[in-house]
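Order of writing sets the chain letters: A, B, C and D. Residues in each chain are counted from 1.
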Amino acid sequence: MEIEIGRSKRARRVYAFDDIAVVPSRRTRDPEDVSVSWSIDAYQFAIPFLAAPMDSVVSPATAIRMGELGGLGVLDLEGVWTRYEDPEPLLAEIQGLSEERATERMREIYASPIIPELVTARLAEIRAGGVTVAAALSPQRTQELYETVVAAGVDLFVIRGTTVSAEHVSKNHEPLNLKKFIYELDVPVIVGGAATYTAALHLMRTGAAGVLVGFGGGAASTTRTTLGIHAPMATAVADVAGARRDYMDESGGRYVHVIADGGLSTSGDIVKAIAVGADAVMLGTALARAAEAPGGGYHWGSEAHHSELPRGKRVHVGSVAPLEQILNGPSPVADGTANLVGALKRSMATTGYSDLKEFQRIEVVVAPYRTH
Amino acid sequence: MEIEIGRSKRARRVYAFDDIAVVPSRRTRDPEDVSVSWSIDAYQFAIPFLAAPMDSVVSPATAIRMGELGGLGVLDLEGVWTRYEDPEPLLAEIQGLSEERATERMREIYASPIIPELVTARLAEIRAGGVTVAAALSPQRTQELYETVVAAGVDLFVIRGTTVSAEHVSKNHEPLNLKKFIYELDVPVIVGGAATYTAALHLMRTGAAGVLVGFGGGAASTTRTTLGIHAPMATAVADVAGARRDYMDESGGRYVHVIADGGLSTSGDIVKAIAVGADAVMLGTALARAAEAPGGGYHWGSEAHHSELPRGKRVHVGSVAPLEQILNGPSPVADGTANLVGALKRSMATTGYSDLKEFQRIEVVVAPYRTH
Amino acid sequence: MEIEIGRSKRARRVYAFDDIAVVPSRRTRDPEDVSVSWSIDAYQFAIPFLAAPMDSVVSPATAIRMGELGGLGVLDLEGVWTRYEDPEPLLAEIQGLSEERATERMREIYASPIIPELVTARLAEIRAGGVTVAAALSPQRTQELYETVVAAGVDLFVIRGTTVSAEHVSKNHEPLNLKKFIYELDVPVIVGGAATYTAALHLMRTGAAGVLVGFGGGAASTTRTTLGIHAPMATAVADVAGARRDYMDESGGRYVHVIADGGLSTSGDIVKAIAVGADAVMLGTALARAAEAPGGGYHWGSEAHHSELPRGKRVHVGSVAPLEQILNGPSPVADGTANLVGALKRSMATTGYSDLKEFQRIEVVVAPYRTH
Amino acid sequence: MEIEIGRSKRARRVYAFDDIAVVPSRRTRDPEDVSVSWSIDAYQFAIPFLAAPMDSVVSPATAIRMGELGGLGVLDLEGVWTRYEDPEPLLAEIQGLSEERATERMREIYASPIIPELVTARLAEIRAGGVTVAAALSPQRTQELYETVVAAGVDLFVIRGTTVSAEHVSKNHEPLNLKKFIYELDVPVIVGGAATYTAALHLMRTGAAGVLVGFGGGAASTTRTTLGIHAPMATAVADVAGARRDYMDESGGRYVHVIADGGLSTSGDIVKAIAVGADAVMLGTALARAAEAPGGGYHWGSEAHHSELPRGKRVHVGSVAPLEQILNGPSPVADGTANLVGALKRSMATTGYSDLKEFQRIEVVVAPYRTH
């Protein structure tokens, strides 16, 4: 249904997770009977959660812990862990910065060069933890660093930017040819963000194993005010899930995973992401609240220290509980910030579903007015 | 009218009581000429109000008082009254708990076992009060305790859970077969919550005398944030009223009562519930504000002390007036929290209706922006 | 366009003044060239404003002042001026009451009987001021007091209640037969509130000269929370204006005036009321802000001291400027609370209109999100 | 899609910038490859920004600075610079006024007569700065002062009022005949505000080079509350862009520039204005935040000191950074108030566009609920 903004412009109505909810069916189940397992390529996970490649969320240690708890931690290879031998004091410093100083000091900290040897060392540390190894680069840095990454050994390669297209145009440099790159790489690639059907379809055609859905992923984003761009997540995920279906058809059956990345602050948001078509979710804020999160109660993304145009802030999210309790409960609170897995299972059970793939078919309603 | 959330997902727009209002017709009446009487099975009530089976609302004493005032008090048989010989000190303790301690301490209090002898004693106490006796169990506990309940003597049997389906699936235990259970029971059964047409229709087919409409009933619920589930009440009641009509048709005339349960904080909400099709309403918050309410100005449901995933909080609702005044006025306040019966009668009179069944046909408007 | 609330209920979307705005046309005018004069029956007014019959707005003195300034003050014959020889100390006392005491004390004050001699005296006082005399009774009191009122001499007779229908049904007493009453009365009658097309059409058929549009008129009303009833004013006025057109057709040309009554707090609201079809507006809050208003910066209606079910509050509205400045400026403020006439004229001029009747045809838009 | 407000009134749904957002396409670009250049008549600009003719934004000095930085500063010829030899102390005084005194004192300051010699001197000063010279008059003053302006030398002549129509009707004076005036003038004219398709089309037919889109332009406006008039900018710009297209057709190819004027507080708003059809934007608040802005952290328009009906306020907007940094960054903040050019370029690059004309075709969505 197209809307007329004015005589020369039409638009489409789009929806955020806050605008929607899931509704019960005529059947109910026991939460114990529900499976939330997820697999991509050859890798199996007990829970469909990826920890976002952000310094406030994933360190080598928390990547290992995340893997032990059934999920996947993705290390940011352009963060402090590959720029500094000992980043812990810098993480502590960031947490202690005043509001006024934060952006400027973070710019300095992240201006330090990436050291290839540290890339190798950090990945080795995670592998030694006995878990699936995943790491992320931006499209801009991929060509420069991917050989180091592959040589160091990585199970899943993540290319993540504010927005990543299969068709980047540049006058000054040869952009990364995603299709060629993914074809030649021996490792499955997850790539994004993409927020529209067409952008995602083109990313799927590059051979990616998964697509990250979102724009400016990270709770601290002020993208709409700064850039005027906004891709509400319920519509974005449902659109990209439509691309998955159409691409499966055109490719003769290749299933590309749809991973919601952004706007997932509570267990309710996670439930909704899957309800509109996500196979898995990449969590930032939700895991930055873990007691062992390297952000120490703060959360920030790379857009918070952009040199020219910062589009986010370092935000205080607090420490709610240890990661295990954030994931599996029991929850000390009633606000959807802990026992994320238990809440997902209970929501699926209460509405009568027993696995994630089925749950993508649940009935959804538009009910934008929040209950106070 | 279906809405497209995104390419692979459609949704329906649903409505809360806050989104709607009733409008006058061309006729007016005197409030004195209006009847709000209600009857279910063989039981007659001067007012269509059930007090919700929650420890902050119904004790044996307030169940009797509610009956004396023309309504029906429903005792929760899984609350403090069947776990403790003398629950008064525990109720007082809950009221005095700090915010931080509340969830944890309530978990302990409600972990104490249910004592069948207390079930018998409490029901006997209510019956001795000379009023209709009603008591509630969760579906999980019904099989274990119903014989005790029936033996103790109960007029109306309530099975109440967050969501209750006629088709619960479990791998580990034989779930309660509602249809068989209700058929064999000699006592009329009210069952719910159900929030959708289909779920309610199936509950009606079990032989229930009434269906509770709602999901997560209780003002303290944070279900949407935690589980992503939300069933706004105006749509839920109107859908279940549609099931009542269709079931009456398919059953050759059996009328199953639709009882709105949840989201009914003010007299205005009660008016709207009946306007969209409810025969009666189950009140929690609204009665927790009575001076003699056992919650002493606080209100909580069982979801507030769930062992793994609390989905609500103990909330302070204050004490507005004695129960008689909450129901029949005069109201000391102008905010819809007292003289609930007077407000319902005045609303019906002002809009030209003289009984509840007629009032279900009143014209309703969508006007979501509150007057400030 | 009907909306489905749920399977058994449909509803219509309705609009408040806050939801709409007027837009410029291709023409502009000088404010000096605009006329806002209004006439009803034999009475001419320079401005289309009636001061609402409320003790916080109209005393005999302010009724005279309102007349001198070109409008019409309507005295409430059931307020303090007809109950007390010297009401000034009581008005002062009401202004000084604490929030807690206000409802109770006002109930006492308004429980004092109405003294017919005072009705006569107050109307004589206004007439002596040389202005058009208008006074209001509720439908309940009309039969008892109208002869006193007519004998005292009144130019315009106002019958005003929360909602007034042409078809009041009562088992206990013979209700006022509006049609007969108005037919026999020698004085033109303005009657309301009515908030729907049908209710207003029936009132028009009684022979009324004007219909008050609104439900629960008065800024202090909490009708929606208490009674669940809400008749947003933009839709109500446009519906009743539709009844005016249809009644003019069926009656062979009788023009019944549509007077918006309620929800008119700012000059912007007044503009919108006329834009959707009002011939004149009855102002409460807007005039209670005058320095000489008898409420002394406070505003209350009879619903604030209802004996059983108060549905409003005494609210503090402040004193903005003398009545003359509230009406004609210059305005000391930029929030639409002063220079109401100037704002109306400027709005009409800016959008290209030169009289009120033309301005009822201006283009209106729905733009519910307020500018902050 | 017309909406029924009530039986006798229909309305159209309109949209503000806050209601909409732009979405990525399948292509991305480098911000360095994007051009935001703009030209009108014979004048070229590196950036499509006009500084609004308001005393808090443009002085002769900041007009020159704006030109040096690639934009266009428009001097208000009815502000302090043409009323006072040395206006700096008055600007300082305005900044220091208390809230209560502000309106009254500003009325006095702006009551001082305009001195034609100062008009000449100020324009000479700007021309001496080596930049394009632009100055604004209200329609009321144009006839009186235009010869002075033209004689002093101006490159672009701006006629700006709250709303300017091609068809002003007056009983008392001969209004400015825009068509004749523009035809005879040798200088290109930019005229507005106009907020609707028809009003803009008529302005285009007068021969104007550009049309200012808006109503009551200026962030401090309280037009909706005061006048009931509101023309949300997304719809207004898209409507006027439709008029540009239709006028180009009827005129055989004359392209009239559409300049959004009002509601442009952040870089995100600028992005959206162009996305719905603007060729350039006139900035008030956004530039009042520059360190060298003459308002010194305060912002006000002429409506704030209207003698009869003030419709805005002097507002504190703060000083964010020097003008160069407000325009070109680097931004010290993440809220869309600095690096406006960088943000516009990045938004265009991220969504795959390389010039402004192309970007007017970008896909837009309706997503009214702001991200918190």
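As a convention for this text, a contact is a pair of C-beta atoms (placed from the backbone, for glycine too) under 8 Å apart; a residue touches a chain by one contact, two chains touch by 3 or more.
Note that the structure is predicted; figures quoted are calculated from it, not measured.
Asker: Among the other chains, which touch chain B and chain C together?
Answerer: The common neighbours do not exist; no chain touches both.
Asker: Which is it for copies chain A and chain B: same residues on both faces, with over half shared, or different residues?
Answerer: different
Asker: Can you tell me the C-alpha superposition angle of chain A onto chain D, nearest 5°?
Answerer: Fitting chain A to chain D on C-alpha positions yields an angle of 90 degrees.
Asker: Quick one: chain C and chain D, Cα centre-to-centre, how many Å?
Answerer: Distance between chain centres, rounded to whole Å: 40 Å.
Asker: CA centre of chain B versus CA centre of chain D: separation in Å?
Answerer: 57
Asker: Indicate the residues of chain B shared as contacts by at least two other chains.
Answerer: Within chain B, the residues that touch at least two other chains are 13-15, 235.
Asker: Provide the full list of chain pairs in touch.
Answerer: Pairwise, the chains that meet the contact rule are A-B, A-D, B-C, C-D.
Asker: Show which residues of chain C lie in contact with chain B when the two form their complex.
Answerer: Chain C reaches chain B through residues 3-16, 18-19, 103-104, 162-173, 194-196, 198-199, 201-202, 215, 221-222, 224-232, 235, 263, 303-304, 307-313, 368.
Asker: For the complex, which residues does chain A have touching chain B?
Answerer: Chain A reaches chain B through residues 1, 13-15, 20-30, 32-33, 197, 234-245, 266-272, 275-277, 329-336, 339, 342-343, 346-347, 350-352, 363-367, 369-371.
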